[in-house]
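You will see chain A twice below: alongside chain B first, and alongside chain C after that.
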Partner chain A sequence: MEELLEILEDLHPEVDFETTENLITDGVLDSLDIVTLVSEISENFDIAVSAKYITPANFNSAKAIWNMIETIQNEG
Partner chain B sequence: MTRNVIDYLNRIVTICPEKTAFSDGEVSLTFRQVYDQSRAFASFLHESGIYKKPVVIYMQKSPAEVAAFFGTITAGDYYVPVDDTMPAEKIHMILDNVKSPLILCDDKTLEDARSLETGGARVVLWRDLLDTPVQEEALLDIRAKALDTDPIYIVFTSGSTGTPKGVCACHRSVIDYMEQLTKILGVNENTVFGSQTPLFVDACLKEVYSTLMFGATTYLIPKYLFTAPVPLVEYMNKYKINTVCWVVTALKMISSLGAFEEVTPAYLRTIAFGSEVFPLREFRKWRKACPDADFINLYGPTEATGMCCYYRVDRDFEDGEPIPIGRPFPNREILLFKEDMTLAAPGEEGEICVRGNCLTLGYYNDPVKTKEAFVQNPLNPFYPELIYKTGDIGRMNERGELIFVSRKDYQIKRNGYRIELGEVEANVEKLPDITSAVCIWDNDKNRLVLYYVGNVEERPLKKLLTGKLSDYMIPNRIVRLDKIPQTANGKIDRAGLKKLYLSKRK
Partner chain C sequence: MLFTSYSFIGFVLVLSFLYYLVPGKHQWKLLLLGSWLFYLFSGPWNILYILTTSLTVWAGALRIEKGYGEKKARIKELKKADLPADEKKAAVKAYKQKQEKDLRRLFTLVLVFNLLILAVVKYSNFFISNINGLLGEGRQLSLLSLALPMGISFYTLQAIGYLIDVYRETIPAEKNFFRFSLFISFFPLVIQGPICRFEEATEGRLFAENPFSWKNVSFGLERILWGFFKKLVIADRISAAVNTVIGDTSTYRGAYILFLMLMYTIELYADFTGGIDITIGVAEMLGITLPENFKRPYFSQSLKEYWRRWHISMCSWFRTYLFYPVSTSGPIMKLTKACRARFGKNRGRKIPMYVSSFVVWFATGIWHGASWNFIVWGLLNWAVLMISEELEPLYARFHERFPWAEGRGYQVFAMVRTFLLICFMNLFDCYARIGDILSLLGSVFTAGNYGAFFGGGVMELGLTGLDFVIIGLGLAVLLGVSIYEETKGSVREMIASRPYLVRTLVWTGLFTLVLLVGAYGAGYDASQFIYNRF
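Now for the complex of A and B:
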């Protein structure tokens, strides 16, 4: 989780990712952020984030993203 | 001949009044509703004595905002769209420039609007005005007095000095644009647009006015869907969207995140793109996913009303070969002027200049900047005739197609060598692990700085470039970013990048 928070804070230092929800529905993360985030997550956690995981529900909060990472890790 | 864009609405409402005109998937307006609401708002403006004035429309991207645009024009006024995502500082600069007597809001923006220094402008709420009784006679009178050279909107585009410039367009140029564009896109009553661009840029003209002309339907796609490739394609399939005019970044998002492995757009037949270079790797994924679709590259400056050149992709391209911007729409001419203001020969580079009644009226309340960019045609000393200088450099290829080369401002000389920053960027982007690359030039320190996004470290990247680029093109400094900053429009924010660089320069 720490590693993920670091990635997110690099992207948006102004956002408190531990408490913010609705990252997608409120427009905190935009199209380019998602592209960056997916590539960072893939690299740092050595997983392949396939398109079906890239949904508003999975990216709306740091916790949701973390749950998604764990799901993908367990799959593999 | 159509002389007023509202004639499109007046005509279509008699043909298909109950058809959905604009929808965001939740709220929809039929042509009848657009017509009725726009006339109620126009009547309110008339009652308020607002005529031939700029009217600020400060609303979320919604079907109601589109109806507000038409209402403004129906009242003989011109709309100035500002967006709920714009910083207050920018809105203040716009208000200072246009000095609008009225700011129209929706429930989302009302509070923010009230906190603005409006310079005496009245702040009103859209839904409060919809019951205004229609002043039939007054609206007819306004229509009768309108000329096709009267303004209909001002959209603000970023200015190199930091103050936004308000590009002001009239009926005539928008009508001319629509007549040509709809033929090129093949718009008809069965067209279903999926609109990606915000309503405060001229890019939205394509969907908004084409819909009125033909009784098509436009879905204003919620912005958050552009973070979710599979749900976005599913949304397009749900509403049977068959035509899109998107910035390349939006198309790239879908293909680069692998959405096509899950779902492909089932109904898309026309895919127009522009404003940026489409990397061939991503472009090929799109062609594979939508083999029956027409792919059209569009090019044009806001100052010449939307787009003015197009290229329908009709062949394959080699890696690194640019997709042309093609040929001008009918009724406009592209002139390529060299620095001595003589015409560039085929193959030679020149500044892209546009001629024709697609030219907008200029920058609102800014005669100085208008005179710099809208100038007398150097080939014609005999009568007044303006051309617009885009600041873009282009050349004709051997097929007679126009190729965008670079911005005029991004050509540099380094150690006597002429370098197009675009060339360095294109070469970096060809590397497998690079998503995007932007160069800036620090003239003071003779330093070429490369910013990039990708899965490779800075030092190894420099090594990779040795041998790919001429030595004199190798950047001095290479900086990896999480993302390339963008303007509201989705274009690369070079000015922002330069600022970032200067703030960190020691």
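Now for the complex of A and C:
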């Protein structure tokens, strides 16, 4: 989780990702941010995040993103 | 059958009456019959296209879902089999790969088949024209005379979205063909969207039993009336002048082109949002909720924000089903790795993103129309968005240095700047030939006819002084409503909370206004909606 928070803070230093819950619904992350994030996650966690995982629910908070990473890791 | 025709109004009234008369469980079946009938009005053979798409996508999705079921059951069996652990693992892996390959093949077949239908009817002549351009005179291929089936660009995207969702296992496949056919051909949205996802239609009660509700009917009628106001009072009136300017590229140059950019941008907004208001209003009358397609786009302070507020369902479709798959595809991920190694982390991750965006904006452009002006329009959007992305750190420094730039004055400046940019790009909607567009843009600086234009030329475009007054007042009402909705909330809810007399006065007033000053009668024809031709 620490590693993920670092990636997120690198992307948007002005946002407190530990507490923010509506990253997509409030427009904090846009589609370009999500693609950047996916490439960072793939690189750092050595997983392939396919388009089917890119849903608002999976990217709405740091916790949701972390859960998605764990799901993909378990599937692999 | 045009939304603004008497036959459409009659059709909606009769269908709504029958809809609330039949038992609830049969309501969606009546809608399907109505939708097929509506489609038949566009040409007796056109319905074959929409039925073919509905049938192939429905059957394909169902087979894919069945395939996933078989895969799970077989893997379960293999895991229980009396085999050594290594052999068992290898058998599961081999079966999984084979089954996934088969399903991918089926998915691709259905997808390509439906894209081919769209490509043949919409893009054949574009393709032939480009080949003819290369062949030169004397060796020209003949153009095909294929009619574009109503709403094919919209319903094809909607059907493909559903197919992808089932393939990704994010939604279950619909078992009943007729229900699926209604989702694809529901008459209010088949012409120009919004492009719905299957779960939006289900959650919006398309198939549900919808008992009569006065609130639904009255709110639906109000929304339809508001759509007619935008379309008939503003858009169709403006279209007379817009068409005059577009129709004569040798006479109308210079100042007329600036006038065209402004007027067409207003017309496009009133026309498209008016059409969507009618769509959503008709559905609302029937107790069905469709997703909103606009969020006051001309209040955007950047092009990026504009594309979050304009044609929301199309943007969402291209983002979900094209941008994300392209961005996460093998070649792009490889490119990302290579770019990061070559250019460093920050630059390296941006280059592949720009490549994916290029693909999406090219597709968005050509989806709007089979000609180069639409492709250039899409790529212009791409260029501006990518330049803005590159300039982001500069903007951040600017706002840090000049805190006043966060104030209301700067926000208004940013809105006007974005609006003017959109006006400029919309010129690529108006003319098919890129050469004409460039020449007309150049004439803005060279024609020097501003004096003649304001000295009377503006009054020779098919609009009288009274027309300009009506357009001005119409836009004032539109702006007032938009500001209220942007800052406070729903105008309809606000009006509904007022005393009966006030409500009656407001809606009767609007109705009378549409009847009295709607652009019909001598000299006017209720025009086709601009987005119908896409």
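Following the convention adopted for this analysis, the second predicted complex is superposed on the first by the 76 of 76 C-alpha atoms of A that agree within 3 Å, B and C clash if a C-alpha of one lies under 4 Å from a C-alpha of the other, contacts with A are read in each partner's own complex, and residues count from 1 in each chain.
Convention: a contact is a pair of C-beta atoms (placed from the backbone, for glycine too) under 8 Å apart; a residue touches a chain by one contact, two chains touch by 3 or more.
Computed from a prediction, not measured in an experiment: that's the story for all the values here.
Q: Using the touch criterion from the header, give the chain among chain B and chain C with more contacted residues in chain A.
A: B
Q: For A:Thr25, is the partner it touches chain B (first), chain C (second), both, or none of the two (neither)?
A: A:Thr25 sits against chain B, while chain C stays out of touch.
Q: Per the contact definition in the header, classify A:Gln73: touching chain B only (first), chain C only (second), both, or neither.
A: neither
Q: Which partner does A:Thr36 reach: the first (chain B), the second (chain C), both, or neither?
A: Touch partners of A:Thr36: chain B and chain C.
Q: Does chain B (first) or chain C (second) touch A:Phe59, or do both, or does neither?
A: A:Phe59 contacts chain B only, not chain C.
Q: What is the contact status of A:Asn44 with respect to chain B (first) and chain C (second): first, second, both, or neither?
A: Touch status of A:Asn44: no partner.
Q: Can you give me the overlap between the chain B contact set and the chain C contact set on chain A?
A: Overlap of chain B and chain C footprints on chain A: residues 27, 30-32, 34-36, 38-40, 43, 50-52, 54-55.
Q: Note which residues of chain B are touching chain A in the complex, please.
A: So the residues of chain B touching chain A come out as 85, 223-224, 226-231, 249-250, 252-253, 256-262, 435, 453, 455, 482-484, 486.
Q: For chain C, which residues are in contact with chain A within the complex?
A: Residues 168-170, 304, 308, 319-320, 323-325, 327-328, 333, 336-337, 340, 349-350, 352-353, 356-357, 389.
Q: Taking the complex as given, what residues does chain A use to touch chain C?
A: Within the complex, chain A touches chain C at residues 27, 30-32, 34-36, 38-40, 42-43, 48-52, 54-55.
Q: Touching residues of chain A toward chain B in the complex: what are they?
A: Contact set of chain A toward chain B: 10-11, 24-25, 27, 29-36, 38-40, 43, 50-52, 54-56, 59.
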